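What follows is a pair of complexes built around chain A, which joins chain B in one and chain C in the other.
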Partner chain A sequence: MADTKYSWPTREEAQIIGSRRNRLDGMEKSTGAAKYTYDVNLKDQLIARALGSPHAHCTIASIDIKAAEQTPGVVHVEVLRKVGYEIKWQGDLIAVVAAESEAAAAEGVTNVKITYNEMDVFVQDAELELARKAGRTAPAGGKSVTQVEPGDDDDEDEFVEAEIQRLYDASPHKLEGYYGIDAITHCCLEPHGSTVQWKDGKLLAYLSTQNVSGTDEAFATDLDMTSDDVEVRCEYIGGGFGSKFAADYWGVAAARISKETGRPVKFMLSRDQELKNAGNRPSGYLKVRIGADNNGVVQVWDSQHWGTAGVRGGGISQSVIPYVIQPPNYRRKAIGIKTNNGQARAWRAPNHPQACAMTQTAIDDLARVMKKDAFDVFAANLGNVANGKGDVYLAEMKVAAEIIGWKDKYHLHGQGPSKGGVVEGMGLALHMWGGTANSSTCRLVIRSDGSVESSCGTQDLGTGTRTVCAMVLAETFGLDLDDVTVNIGSSKYPMSGASGGSTTVGAVSESHRRAAQDALQILFEKVAGQLSAKPEELVAVNGAIHVAGDKKRMISWKAACSRLGVQSIEVSASHKRGDASPLSNSGVCGVQMAEVAVDTETGVVKIKKFVAVQDQGLVISPKTCESQIYGAVIMGIAAALYEQRISDPATGAFVNAELSDYKLARLGDVGEIIVELYEPESERQRGVIGNGEPPAISPVAAVSNAICNALGVRVPVAPYTPQRVLEALQGRA
Partner chain B sequence: MSNKRVVTATINEETAEFLCEPRQTLLEVLRDSLNLTGTKEGCSNGNCGACTVIMNGHAVVSCLVLGVEAEGAEIQTIEGVSCDGSLNEVQSAFLEGAALQCGICTPGFIMQTEALLAEKSNPTEDDIRFYLAGNLCRCTGYDKIVRAVMAAAEQRQVTTG
Partner chain C sequence: MHAFDYKSPEVLAEALQQLADSDGSAKPLAGGTDLIDQMRTGRHQPTLVIDIKKVAELNVLECAGDGLHVGAATPCYRICGDDNVQQDYTALADACNIIGGVQIQSRASVGGNLCNSGPAGDSIPAMIALRGICVIAGSAGTREVPVAEFCTGPGQNVLADNELLVEIRFPPRPTASGSHYRRMIPRNEMDIAVVGVGASVTLNEAGTTITDACIGLGAVGPTPLLAARAGECLVGQTVSDATLANAVEAAKEIISPITDMRGTQEYRVHVTGVLVRRVLETAISRATGDPCVVRPGH
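After this line comes the complex of A and B, so read on.
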């Protein structure tokens, strides 16, 4: 269908797109019928449990599995790590026990006997000097940009040093600051895991994954088979947030046990194993000095930051420092620290939330020292935003300010009234993200009975992907959601990219719209003669095909399809990531504002109101789109106030790796949240852009700035716990 | 594997008889023995609320109840909430109000809401935020859950007069 002109209907033409439809899987989810990986029970399946290392850094001296194997109910013990292997974080899985029941597997795990040679640990990622002394640091890049460039004969480093110092000295307003954000975990409510069945040389893997089309190869390689003989399924998934792209070594281990025993195996990580092994977000700590002109426009930025992504070092990419607001002169330097923590995984908008929290707090502090309204200081810097979209930010800032009542409620930092020791404040933050549509293929069939069925190897993380696919198809064919069947969640369907980086809604919108327009074109050609019209004159609306502008020359959808006879229309259409398209785009902004109340006696912070204004091009499904933003904001509030991986400096133990101690926001902790989809025609015409990441970026910075506005002092490191708030008030932060 | 006991309980208004080891939790029995997997497993130590069921009129986290404790009990799980194959007021309110996303916490929230509404037919927003604070959600807006519970309470009052 090379001649098909792909496009979206206008706002006025659209019947389904942009309408507030319920999610398609709501019935299954609210009745308990939805089967997540954890819910899959296969006949004669074994339950697997694993032993994780109690030590954060050690080598394995000996492994004895005899008692485990002899435990009643235990069928198989799979050893994952050999004697001599160096364990680098607490919880790294060493052996898996498969048994007839969960209890038997758990008992078997206690009977695996391992001895260790313990080694020195280092987990103090916030302490740069300690890390240096421990030999745990490594340069992680940097960049310098100055408006005045060095001459040919200048030593570049010396020139930059002198120029940054000159600019700083010349600035009428200066600020030195320290900001940070601790590591947090993904903490998916459904832990990582799988139920797998190896049978007759083929593997069926129910895997809790964000990547059904891209995980079959890992199983195939380990089991010495081809990926054609592997099917990965994931109908429903209880959270991923960037941590579930791979089969993982525990998934492969389950498959190996299934092959060895000839029985299905269910292996889900326990809660503490999930938190220790299955994903965390790097920490970051930053020292900066900035110089600004009399309008609050930052002229020079000079920062060094450090942190950890775990055992391999790394940290927050220097490429996003300073964040969104990028002064004309800056120098940034990053240092990675290797710690004895599990390695980080992608977490909603990798690097951006931490970069936002570490740098836009400095912009707010600039407003504080200048005794200016933070809104005005942020607005003054919009001429220097990294994505060049200052006009969009300003428009969104105005919308957010109107909703939260910024003008009426805002006071200068620390200048608000105290009511019984409780002070209130407001803060804002800006973010940016790409959201390029991933590659995706949709296979579509229209049958003579009028049925429409699509297949696509994508997955729905709860984001509404299934619903979006159906809305695109229904819109294109002039049908309702009930009239189309959407199949996703299997690697046997045509390939679609992993769901990460806000790439999925663009991907499936592309492939499904293309396939639908191609198929409709074929159907139009079949019925055009009967309507005495050319195919290009026809439209499909409200369950019928008719001549544009002449509804009398029409044929019902079912009647049109009945002309297909035994020859169904079957098409396959693809979008390749990076290809220019009128259907999707990339590059979004976003503004968030927080209003908090801080108890200066207890240090407790409460969110009173939170406003998120988000652009994402064309919105296909407003309800699910809004849900993404609500969820992102709540995750952000949790990171701002509660979430924190706490490691014991002496042992390296992850001491709060249970939901009893790993604090997440609860229903009573979240105040009023208002989500505003920013979709003027200028944004709508850009096409579809994902929004899973962007709204998760700003909350920490917005909350931090609101706290600082309330107190008049900065609580430098997130989460802003009562203890840290009190320390800041006492000048000890 | 020995010492299994026969336990008889009423689950979703039907008599259920199952074999259970003394160490097995009600959650494990529901999910693995009776295949009632609508009750979810999130933490196994009573901190997430995903496994909430109603036992003898009270909401309990089934991971902290032993299977043998269910002897003679009346238990309602998420599978027993729908009426005649259609969603009840709470389920409908969660769906209409977009109060679910990945959905794995949803059964627990719905069961806890059922217990709340049985106790207080017209709860305030504070009541809801307090009563449902034991249920964790990692990806939805809690705010929408509060609105959904309020809508469900209102609708149930209309329905029941």
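After this line comes the complex of A and C, so read on.
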């Protein structure tokens, strides 16, 4: 068999790729037939509930589980933390009770008696000086770049200090600003958890996970078995967003209890435990001074930012500051703060949304102080974008501006009319992301009855992975989506990378296209003689194989496959992350614009219109691709206006750890959202690039800039709650 | 959730007997939109849940010569969809229209909202403004309590363990009257009020002078409040910005909002003023025959 030349069909050739197909599992999901992990109930299963620490910082003085064990219905009590263990955030799980019913488990939890030695807490991550006094800060890196480099005899720090100051002083336009974004928490609508069954030395784990291929090992290690004896399954998942890559200690605890009791165990976190324990997005607060030339091109950037990723400190990486627009001279410094909050986990485009919100607000403020159109100031800075794609940004800015009506609606900051105390404004923001295809393997079988079946250890986060796999296979074989069967969601299938970092669509389209092209080549070789042609002269289109340019020399797909007899075609093809490929690529831009209305009497902000223009190389499935962007924008609007982890400074308690108080956006809150896929031929030819993260980056900055445009003053810290809006208007922000 | 017994009487007397027999360990269930959640979180752990939705008296929705009768279990969707309520008791329709989404409105009742006695209950300021009267039945007979006096603290009210709220009765509406309820929430829908204001206004024939006014406030004290002086100071006054400003200041005087994660005391006081003015403006417009639903502003 000749080496296959992997490629995508051209736009003109493509029959399935790029067409607007419904997602394969849409009906199952919308009718409730889809089985999520939370829906899995096994015969004779136990229900597990956990006790979380009521204190944010303490040591465990004593643990008494006798009463819990004697609670009617309770079968097993598993202690996760020992006496003397230092609890560092409220909600950290201490013990798990498995019982015959949810009520018995809950009662058992109340009967676990624990005493604590309370310790000092610190949760005021926005307050740098308080954090310093509390000894909670640590340097988190920095970098300085100047066009004029220090001489051999210069002290580098002194030189940079003097050069940054000189550039700032020489700038005709200066700005000093403060910007921030509070920590938000993961709140997957399906909480973290699993239903596990230990049987005959093997473990079956229905795990709500973004990583079926990478979580079996954690179970195996803890239970002293090999990963071959563990199967992790996840058919459907109700949200992950970067927080569900691991088996987690509660998942492993469920497996231990199953092994101990010999019964299946279902253990899903309660809502407050989900919000407290299952990860969060770090906060960031930034002070900056910038100097710009008369065109608004930033020449010097000098910033310090701080924030927290939880108990281990950290915060927003210094590497993404300043964001997208990277002036020729800059100095950045980061400080991490350790707080008594749960530790952060990856959250849709880690670091980028915060960086965007803390820095592109400054670019917009520059437009405000210069009394210039923000579009023009952003455009003027496109010669200094970090990824060198200024031309793409400008093209996307023009598309977005046309859709939202920027020219007609835009006014200088604070210069718009007020109607009944309501003012309107427009804002924009830019973002960037990688999206390299993850490693992935696809096993593919073509049988003599014409059936096509693939297996791949990936998972569908609800984003259309299953549909994309089917579209790639159907396109390659000239079939329709109903003609192919896609198996995903089990660790028993060939390995595929975790679904995170916008790596999935690239990964699965790589492995499935490669496997399909390999298999098709074999089939072509089987039928070429019958068509009096060479294999390389054949094409598969519309349910048939024929000679390119000669449809009369044709054989139907089924007839072709029937020639296989008992010998199915079975191939396995892989892509390794980082390998150059004509099928996938990395590096995307994106532009978003927001139009808001702000009630200056109540401080309430409403989104009127939101436009997201996004490139992602070649688009396999436009509908699911757009759906990703809609979801990302809605999440971003929630972070801009509502989402906020609120901690009590006295006790460290996470006081809004319920969805009644932890505000997410409803559909009535997000206004009109318009998504535009930017896919000129120059982008399409780059191959497939993931888009899960990038559209979630810009919303906070775009909304902030629109609010500032409406009001003429900056509301510095997200979420931009009504109270914060009024404080900004009153000059108290 | 704990295990409990469930009964669904179809006759009021039967429901009252079950309540009396339970010695305080029973909870009536109307829509259940508060109770079920509170049982799930352990706040209430009744041994008996008495489903009152099948009791006829508790499901009335009638507008007659003596005013409007709203059964305690009558769901919000029926109330806000009723022509008479929309026309004459508009504040109540406003409130029922924004309590939750369609599913919640199909279950939730204003009787339940009142008996839950949350300071931020959306229907309560509207019912105070419309001078609602609670009809309460118990083993000892029936008594009446103004809505404004029903709640006694957060989650507390005048009901004895053996008593049931049967209906809320509203007096007939005079001509040239209008009412409105509005709340301030951070989001656009389905959220708990940071401040809620209901107001009813009656004008003279010329539509220039206020002859009667009543204002109810929510989420700015331990119970929903009757802003009596704010209403009284409007009576006899011509409709003007200055007149409304006086009512705003009078309303602010009686409130004692707390600072919590939903807003500071200062913010709530400020927004109370904004909302009182806006609600009065809308109520006055409606009294003049303008069916306006929304004044400028959110």
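Just so it is clear, the second predicted complex is superposed on the first by the 731 of 733 C-alpha atoms of A that agree within 3 Å, B and C clash if a C-alpha of one lies under 4 Å from a C-alpha of the other, contacts with A are read in each partner's own complex, and residues count from 1 in each chain.
The rule is short, and it goes like this: contacts are C-beta pairs under 8 Å (C-beta built on N, C-alpha and C of every residue); 3 or more make two chains touch, one makes a residue touch a chain.
Just so you know, these numbers come straight off a predicted model, no measurement behind them.
S.K.: After superposition on the shared chain, which partner residues are touched by A:655: those of chain B (first), chain C (second), both, or neither?
M.R.: second
S.K.: For A:83, using the defined touch cut-off, is the partner it touches chain B, chain C, both, or neither? Pick first, second, both or neither.
M.R.: neither
S.K.: Determine, under the contact definition given at the top, whether A:665 touches first (chain B), second (chain C), both, or neither.
M.R.: both
S.K.: Between chain B and chain C, whom does A:420 touch in the aligned arrangement: first, second, both, or neither?
M.R.: In the superposition, A:420 touches chain C alone.
S.K.: Counting only touches as set out at the top, which of chain B and chain C does A:461 meet: first, second, both, neither?
M.R.: The answer is first: A:461 touches chain B but not chain C.
S.K.: One more residue to check, A:35. First (chain B), second (chain C), both or neither?
M.R.: first
S.K.: Using the touch criterion from the header, give the chain among chain B and chain C with more contacted residues in chain A.
M.R.: On the superposition, B touches more of the residues of chain A.
S.K.: One more residue to check, A:102. First (chain B), second (chain C), both or neither?
M.R.: After superposing on A, A:102 lies in contact with both chain B and chain C.
S.K.: Considering only touches as defined above, state whether A:623 meets chain B (first), chain C (second), both or neither.
M.R.: Only chain B is touched by A:623; chain C is not.
S.K.: Looking at the overlay, does A:599 come into contact with chain B only (first), chain C only (second), both, or neither?
M.R.: Only chain C is touched by A:599; chain B is not.
S.K.: Enumerate the residues of chain A that count as touching chain B in its complex and touching chain C in the other.
M.R.: Shared contact residues on chain A (touching chain B in one complex, chain C in the other): 102-103, 660, 665-666, 668.
S.K.: Tell me, which parts of chain B touch chain A in their complex?
M.R.: Interface residues on the chain B side: 1-2, 21, 23-24, 28, 31-32, 35-48, 50, 77-79, 81-82, 87, 91, 94-96, 98, 100-107, 110, 128-130, 132-146.
S.K.: In the complex, go through chain C and note every residue touching chain A.
M.R.: 1-3, 42, 184, 186-192, 194, 261-264, 267, 270-271, 274-275, 295-298
S.K.: Can you list the chain A residues touching chain C in their complex?
M.R.: The contact residues of chain A facing chain C are 102-103, 106-107, 419-422, 597, 599, 601-604, 606, 641-642, 646, 655-656, 660-661, 663, 665-666, 668-669, 721-723, 726.
S.K.: Note which residues of chain A are touching chain B in the complex, please.
M.R.: 22-23, 25-36, 38-39, 41, 47, 72-73, 100-104, 187-190, 236-239, 241, 270-271, 461-463, 623-624, 626-628, 630-631, 633-635, 658-660, 664-668, 670, 672-673, 675
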